[in-house]
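Please read through the structure below; I'll follow up with questions.
By letter and in written order, the chains are A, B, C, D and E; residue numbering begins at 1 in each of them.
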Amino acid sequence: MTPAPRFTGDLAHLPTHGFGHRSLTWWGIIGFMLIEGGFFALTIAAYFYLMSQEHSWPPPPFRPPNLIAGTLFTLVILLSELPNTVIKRAAEQGRLREVRKLMLVMVGIGLVLLVIRGFEFNSLNVLWYDNAYGSIVWALLVLHTTHILTDWGDTVVLGGLMHTRHGIEARRFIDVSENSLYWRFVWLAWLPIYFLIYWLPRLA
Amino acid sequence: MAQRWPKLVLLVAVGLVVAALVAFLIIRGTGERAAEAARTPYEQPALAKTAAGAGAHPAGQWYIPAGDYASTRFSDLADINTQNVGQLKPAFTFDTGYLKGHEAAPLVVGSTMYLVTPYPNVVYALDLTKPDRPVKWSFNPHPNPKSQGIACCDVVDRGMSYDNGRLFMVTLDGQVIALDANSGAQVWRTPVADISKGETVTMAPLVAAGKVLVGDSGGELGVRGSLKALDEGSGKVVWKAYSTGPDKDVLIGPNFHPYYPSDQGKDLGVKSWPGEAWKQGGGTIWGWISYDPELHMIYYGTSNPGPWDAEDRPGDDKWTAGIFARDIDTGQARWFYQTAPHDLYDHDAINEMILLDMPVNGTMRKVLVQPGRTGFMYVIDRVTGQVLSADPYASMTAYTGVDLKTGRIQHNPAEVPQSGRVTRGICPAAPGGKDWNPSAFSPRTGLLYVPHLNLCMDHVYTGANYISGTPFLGVESKMYAGPGGYRGEMTAWDPVRRKPAWQIRENLPLWSGALATAGDVVFYGTLDGWFKAVDARSGKLLWKYRTESGIVGQPISYRGPDGRQYIAIYSGVGGWVGGLVSGGFDPRDPTAGLGIFNAVPDLAKYTGRGGRLYVFALPR
Amino acid sequence: MTELDPDLARDGPELTGVELDRRLTAAWRRQPGLIGWLSTTDHKEIGKRYIVTAFVFLALAGVLGLVMRAQLARPESGLITADRYNQIFTMHGTTMMFLFAVPVMEAMAIYVIPLMLGTRNMTFARLNAFSYWMYLFGGTMLWVAFVLNTGPDAGWFSYTPLSGPEYAPGKRVDIWAQMITFTEVSGLAAAVVMATTILKQRAPGMTLAKMPIFAWSMLVVALMIIFALPAVALDSGMLLSDRLVGTHFFNPYEGGDALLWQHLFWFFGHPEVYIIFLPATGFISELVATFSRRPVFAYPAVVVSLCATGLLAFGLWVHHMFATGLPRLGFAFYTAASLTVSIPTGVQIFCWIATIWLGRPQFRVPMLWVIGFIVTFVIGGLTGVMLASVPLDLQLHDTYFVVAHFHYVLIGGAVFPLLGAVTYWFPKATGRMMSEALGKLSFAVTFVGFHLTFFPMHITGMMGMPRRVYTYPAGMGWGTLNMISSIGAAILAFGVLLFVINIILSFRAGRVAGANPWEAAGLEWATTSPPPVYNFPHLPAVASRTPLWDEGEGLPVTTGLRVDDRELLSVTIIDAIPSVREPSPKPTIWPLLSAIAIGVTFVWSIFTPWALVFGLVPSAIALTIWFWPKNPDVPPEPEID
Amino acid sequence: MRKLRPLLACLALSGCHGRQVMLGAAGRDGSMFANLWLVFLIVTLVFYALVLIGLVWAILRRREGGEPATRTGLLVWVGVISVTLAGLSIASWLVDRNMNRAPFTGLTVEITGHQWWWDVRYTSADPSQTLRTSNQLHLPAGMPVRVILKSADVIHSFWIPNISGKQDLIPGRTNDIVITPEKVGLYRSQCAEYCGLEHAHMAFDVTVEPLADFEKWWAQGLLPARAPVTPLQKAGYAYVTTRECSTCHNIAGTPATGQVAPDLTHLASRLSLGAGTYPMNSGHLAAWVADPQSAKPGNKMPVIGLEPDQLNAVVSYLESLK
Amino acid sequence: MSSPCRASLLALVLLAGCDEQARDPRGHPLPETGPLLSAAMNPARPDPRAVDYYKNAFEVSQGQQLFQWMNCSGCHSNGGGGMGPALSDTKWRYGSSMADIVQTIANGRPNGMPSFSGKLTQAEMWQLAAYVRSLSQHVPQSIRSGRTEGLSVGEPSTLRDPHPPRAVTPKQDEASVE
């Protein structure tokens, strides 16, 4: 008993891809950013909850983390937004060569960040099994590191992809654009964490 | 503009350099000034003096670990002085053959030196007249090996006493033995402790007025502490005073006149405990006893109450963690002052009490001074038991002060431990502002030389179970360096002005006793094996010598048969904190050793085990 | 209009009917055989698997419920040991909440929503498949562990420190916590897919204001999942790391706190109830409209209620913690908030009754479930009002009164609508009607059994029986009531069994259903039963909330999507104006392989944290291949100009 | 009328008779609960009736039209619900505030929850008057009692339904609740938070008695355990105070000084055994000592495997601990 | 543990897991201990039933509780030692087998370990012995726990690898001159 079709419109003229909110990928990324953002927010809430359980923060005899590695990381990740913005723009304008070149730069930056992150773990002055302060500080850093790692992996794969013949496909530019969007989320999420790990224990 | 920029750069550059220089000088300058201040001799108008009658001391000899009944550890030998101490050289050494904590003080009587080792408490008599100082005789009392597992914090022995041709020693398993000093023959042997109940003996007995005074150890095993007076000649127990229980057990009678109302009342040793908790209430006597021959009174402190978990024993827990004054003949208590009523942190009151006569608010008072484990320097009228002053000498968060009206210590509510939830940053930690290792007093400078600790801790109560002969604690604890990051400190305390004259920070906790000499030199040792001599007036380091192991002993000074002044010290790490190395424990467990090993996880880097006597003298 | 390629890569008046079906089928069908079956990305296949799996878990957990009732029928019964009982009630709750209730609602939506919206597949179809596999693996792990005497035994909310490393030795609780990880990954993936599908893939003209209420409820639920599930995933992650690598999140001895667990858990746990309940209200709205022969009364009010419930659900979590000694001052707020949440529910109930009142109700089987729902659920809602009051909760909390309350809410409020919805959409999925007679019988038996089981529990609770006890002493006066409950449970089980029998019989020999057997209004009824693999030959366009009632035979359709490749239409969010033709991914085995790699990593990481490092490699490889574009086996897009 | 109301509630839910029922109203909070409960019950019943009436009417009506009236109806409905809920909120809040305003009390009892028994300590300003017991609570009628709640292991919940609502015992936290028993009688309390294997067997008896009786009980509780008299008791004493029993249990006045299991000083004077598992009598005592894992499997008391004569002696001694 | 070993553990764990995870409140059948001092307890041929204790998470956890309650922790802390020797290191004065440890608990040892014979039941001693072994990771990795409900005890047992036990005679350890 299927109703007979009554043709009212034709969609053939529609484009097959769109950037930003016109893209389904964008919505997917937004969804995952909400989820990840939720994780960060809740971990931060847990951080403050645990902080409220202690008289001093960090609890004695632990010293606040050393600043150098974390601050360097923050500077590099902030600076990485420059190439990131350029990539996003280049992708949206379909400039393949530029995208290819800058993706490699981003892969390099990611690598540098991961190395610095290694030093960060070493500069926390506390281990995760020492006390709840150590646990939550490590949790924040590990949580953020997984984001760096996954986005870096994504960048590596996508960077490789852009250097193949698939690179010319329009959809790949959307992927590059969304990857850049996600990177923004990654460094934006870092800023409060940087404050919580490195500065709050000094101010509190 | 193009013309001006080099000038501008130059200006800025010069400015920066100047600023940096000034900043450097300021920083350096303050440091230097502080250091300079510490090196200037400390002057004071009115000096404290050793209590009249209690400072008597055989010339150039060392009969009891504290040197004299006033516990000054002062040697009136002045051959070694601030000028020449830098030339000190080892004169001879002697290996004891044991590798546990060597906390004892050597004794020198005539031309013989007497040594006692940690468990198995072997006694050696060294003939000082011969160049190689041979062993004249040795004596092994063969204590019960089981006692090793009951000794709380290493199997130490803090020394012997000599009187009237006899040496009086104790064994870990609780026997008091009198030896003939010439032959090493046993004269009598009296057991005073029962290891099946957790009782051991580590303290140095004190001989005075014909009595051998011995307490017990085991405050961590729920023993009921007591002080025994044995007849010097026969070894019979003359009197025995418990630290908990009914008045008749505690030897509280009509002559008992404590200064503060909270110590007045009948059978407080029972009533200030829940149920029968007093039977396992601790209050052992394992530290030092001072004696005032004029007043005929002894002074000693009682240890922490058992268990450590204070929630299991609501009340003041009399007569633990306090100072008793007793008549030496009858043992009857004269007064009592509780330094830590309802002790929360293992803050015993067993530390040495130095008997002084000194001006307090303009009048001369007969006082005793105790650098307490609570971190307060107590100045107490030794006639009445009134606390004249109590000033913090160590890092302190646990207490806010001592109320001189009621005598009660004031707790910081934020640092009261609880069950099930950690309380952090408690200073001083369980070993206190200072543990057992005794201070020295020099009547020449009027200063007290206090080797002490800078440790804080995390503490939590877990509930205790009492099984006879096993630990009775109910806590978990974790200690660490206090504010500043250093762990030990040598403080020269001016009891009259109630403030430090100078202080020396030590990386590791200080666990050795101190010695002051008439040459105005103060000796002490460190856990990394350095034996140090500092200027008694300024604290300036004059000399140091690296021994084979960490020093936890008590230095003494004597005049040898050759007429020279010698300084003797045991080297051999151990004791509670040093047990980490001597016992081969595992510092990966932060709660090990009641939490103290966490404060010195690096100790093995500084010292290995050892057991050797070092004797120093100036080159001939 | 553009001239098209003579090959006619697009549908339209020129390409319709059988030829269109042939081409679209060729483009959308998957490979036959096992590999093809495992590779599918079709929302209908995934949805059906999801539903079947969820019902299997329902049956398993139901059996556990029966075992518990058998044990509790008499005081001091020795039927099963305390240890087994504790595992059983934990498994019952865990399975029902995490492996049945939430997944089954998602599953129904995965099947129905694209049909309702008039699209060909869900967004991120492979993610959708991945979501199912993760769910399957998580559930399987839990049950295999249970069979091997390693079933979790700390209750479905696993309060620390009972679930901590010292009081829950072994791997039992780790299994529970890792099951959470599996279902959270699955649920979050499904939620993202769901939200994107609902927001971007509606039929042209289906503005937000014309969206079916069920789609609204799923949109709200998807967003709730996105905001709530991270809390429990974080919580169980912390628990796992406390147990495995010695962190101290919940250890008060080292600055942690046992209540941190409860805060995080209930921040998820309370919305969780609404995540289960809101789709059910969506079902009810669909059913009520269809069987009252009129649109739901006060559509805007219902939609606002859904959203309000979703929002308020996040402000109530503390009412699970009234007895924990938190500052009492704040409790008044949570009481008020908890009571407030009954306003939107009250509005919905009013609207449904009003719809019946205003319509011409037909009492087919699904409608019976609706009535059963209202009669039952309202009791649960009202006992919920009691539980929101601090003084009452302090007595009623953790007693059988609460057990009665949430079974009224969850069975009455979610399972009854679900069974109605299954009956309702069964013809769409299978092409056959379910038996009315058997359906009525199963409804009646289930309804009676349910009330017989759970109503007495209100009284046992008032008489002081705490929940989660494996036995109780004689002489407490609880024996008779418990016996009644146990008998009722048997009847309830029999009712559900009848329902299953009905499904099996009808699946084989039910009356053949047409495209729209209930004469309903939604787009899902505009295609054949069961729908073709591509759902709609031409994408429908809508102009009202009840297109089939309003347009009758002549449902308007749009044309222009490719027929030689998988293409979806994405529209603007609010007005549903077509904006982009998005390609839809083809079937592939890699979501399954990725799920296997990640699943192995998860299970392995119960035993050593290094698993996360070692497992990263295969997982990354699988995911990379999943995302790597395949050689296009269709010609590139013909140029249009 | 006042007396009628609880009666009404009882009829609705026959929950007022028994030692562990919510509507027993044997305490201050319990009475307030019963009244508030009645208010909620009536209100919710009215609403349920409204819904059912609406539903039946809607089903029976079957005609078109009336939409505008229904819209008004919706608004009225929302208004009625809102006002009622506001009313209930306020009622609930007032009762809650009233419950919290229990008068200051001199009597403080400290209860520590263990898997699966209750350690009870009556505190006193005079520490020697501190009374320790377990798995029972004696309370003076009419006097507010502050109960301090701690846990030694996992979360438990303190709940005497006849007298008051619940309060959790949470490790690392100290909770308290003020309860005011009003009616003399015997009640039962049971752990209300799932706490592991034997959660079902974690109860204790509550005796509410006149103040004088209570004080007498306290004074008796402070006395050390009775000395054994008969040879059999003496043999039991010898076993209990030196062997396995003594490592965990405390019997005041004897060498049994264990602290990790229930205090046994006046065991035989209690009403139940094994934290409410068995009623106290010699048969159950023997069964319990012989095999504690039979009635309460998983509890922390091991099977010692006593010989029959040892068992006789031990039970005989324990029975004498009145 | 090597990586293939981990993998096989993973594969086996669900099958082998049953025994490790079981909880029998009555305890497992007691291993043959005979008269405790008998030579029947040959460490080279350990009683197979000992496995039921040290390869069972529940028994180990019961042992952990007893370790606190029976004041073992007062001397041995959480394995690091203090009054008594460390139990978390590789040095075993009196043997590392289950039977040896039970022997130590039951009869005590001459250098201070008290005897618990008549104070604990046999099953409790076996549970304790299982926990004692876990302090030096000599129980399966899958039944160790990450931490205790107490102060941090350092690096989690789950992350440490067991080292082969090393026999140390008490004589040497005492470095006695006698």
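FYI, a residue touches a chain if its C-beta (ideal position, glycine included) is under 8 Å from a C-beta of that chain, and two chains touch if they have at least 3 such contacts.
Nothing here was measured: the structure is a model prediction, and the numbers come from that model.
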item: Common touching chains of subunit E and subunit A; value: B, C
item: Pair exhibiting more inter-chain C-beta contacts, B-E or D-E; value: B-E
item: Longest centre-to-centre distance from subunit B, chain (CA-based); value: C
item: Chain centre separation in whole Å, for subunit D relative to subunit B (CA means); value: 51
item: Centre-of-Cα separation between subunit B and subunit A, whole angstrom; value: 58
item: Separation of mean Cα positions, subunit C and subunit A [Å, integer]; value: 30
item: Junction residues of subunit E - those touching two or more other chains; value: 23, 25, 69-70, 119, 146-147, 149-152, 154-156
item: Numbers and ranges of subunit B residues touching at least 2 other chains; value: 420-422, 424, 458, 460, 465, 467, 476
item: Subunit C: positions in contact with at least two other chains; value: 82-83, 161, 167, 241-242, 245-248, 251-255, 257
item: Pairwise chain contacts, counting only pairs that touch as defined; value: A-B, A-C, A-E, B-C, B-D, B-E, C-D, C-E, D-E
item: Of subunit D, residues touching subunit E in the complex; value: 153, 171, 197, 242-244, 246-248, 260, 293, 297-300, 302-305
item: List of subunit D residues in touch with subunit C within their complex; value: 13-15, 17-23, 29, 32-33, 36-37, 40-41, 44, 47-48, 51-52, 54-55, 57-59, 61-62, 64-67, 70-71, 73-74, 77-78, 81-82, 85, 88-89, 91-93, 95-96, 99-100, 115, 149, 153-155, 157, 159, 161, 164-168, 170-173, 175-176, 188, 190-200, 276-277, 297-298
item: Residue ranges of subunit B touching subunit A (in the complex, touch as defined); value: 414, 424-425, 456, 458, 480-481
item: Residue numbers on subunit B that touch subunit D, as the complex places them; value: 270-276, 280, 312-316, 418-421, 463-468
item: Parts of subunit A lying in touch with subunit C, wherever the complex brings them together; value: 1-18, 21-24, 27-28, 31-32, 34-35, 38-39, 42-43, 46, 49-50, 53-54, 59, 128-136, 138-139, 153, 157, 161, 166, 169, 171-172
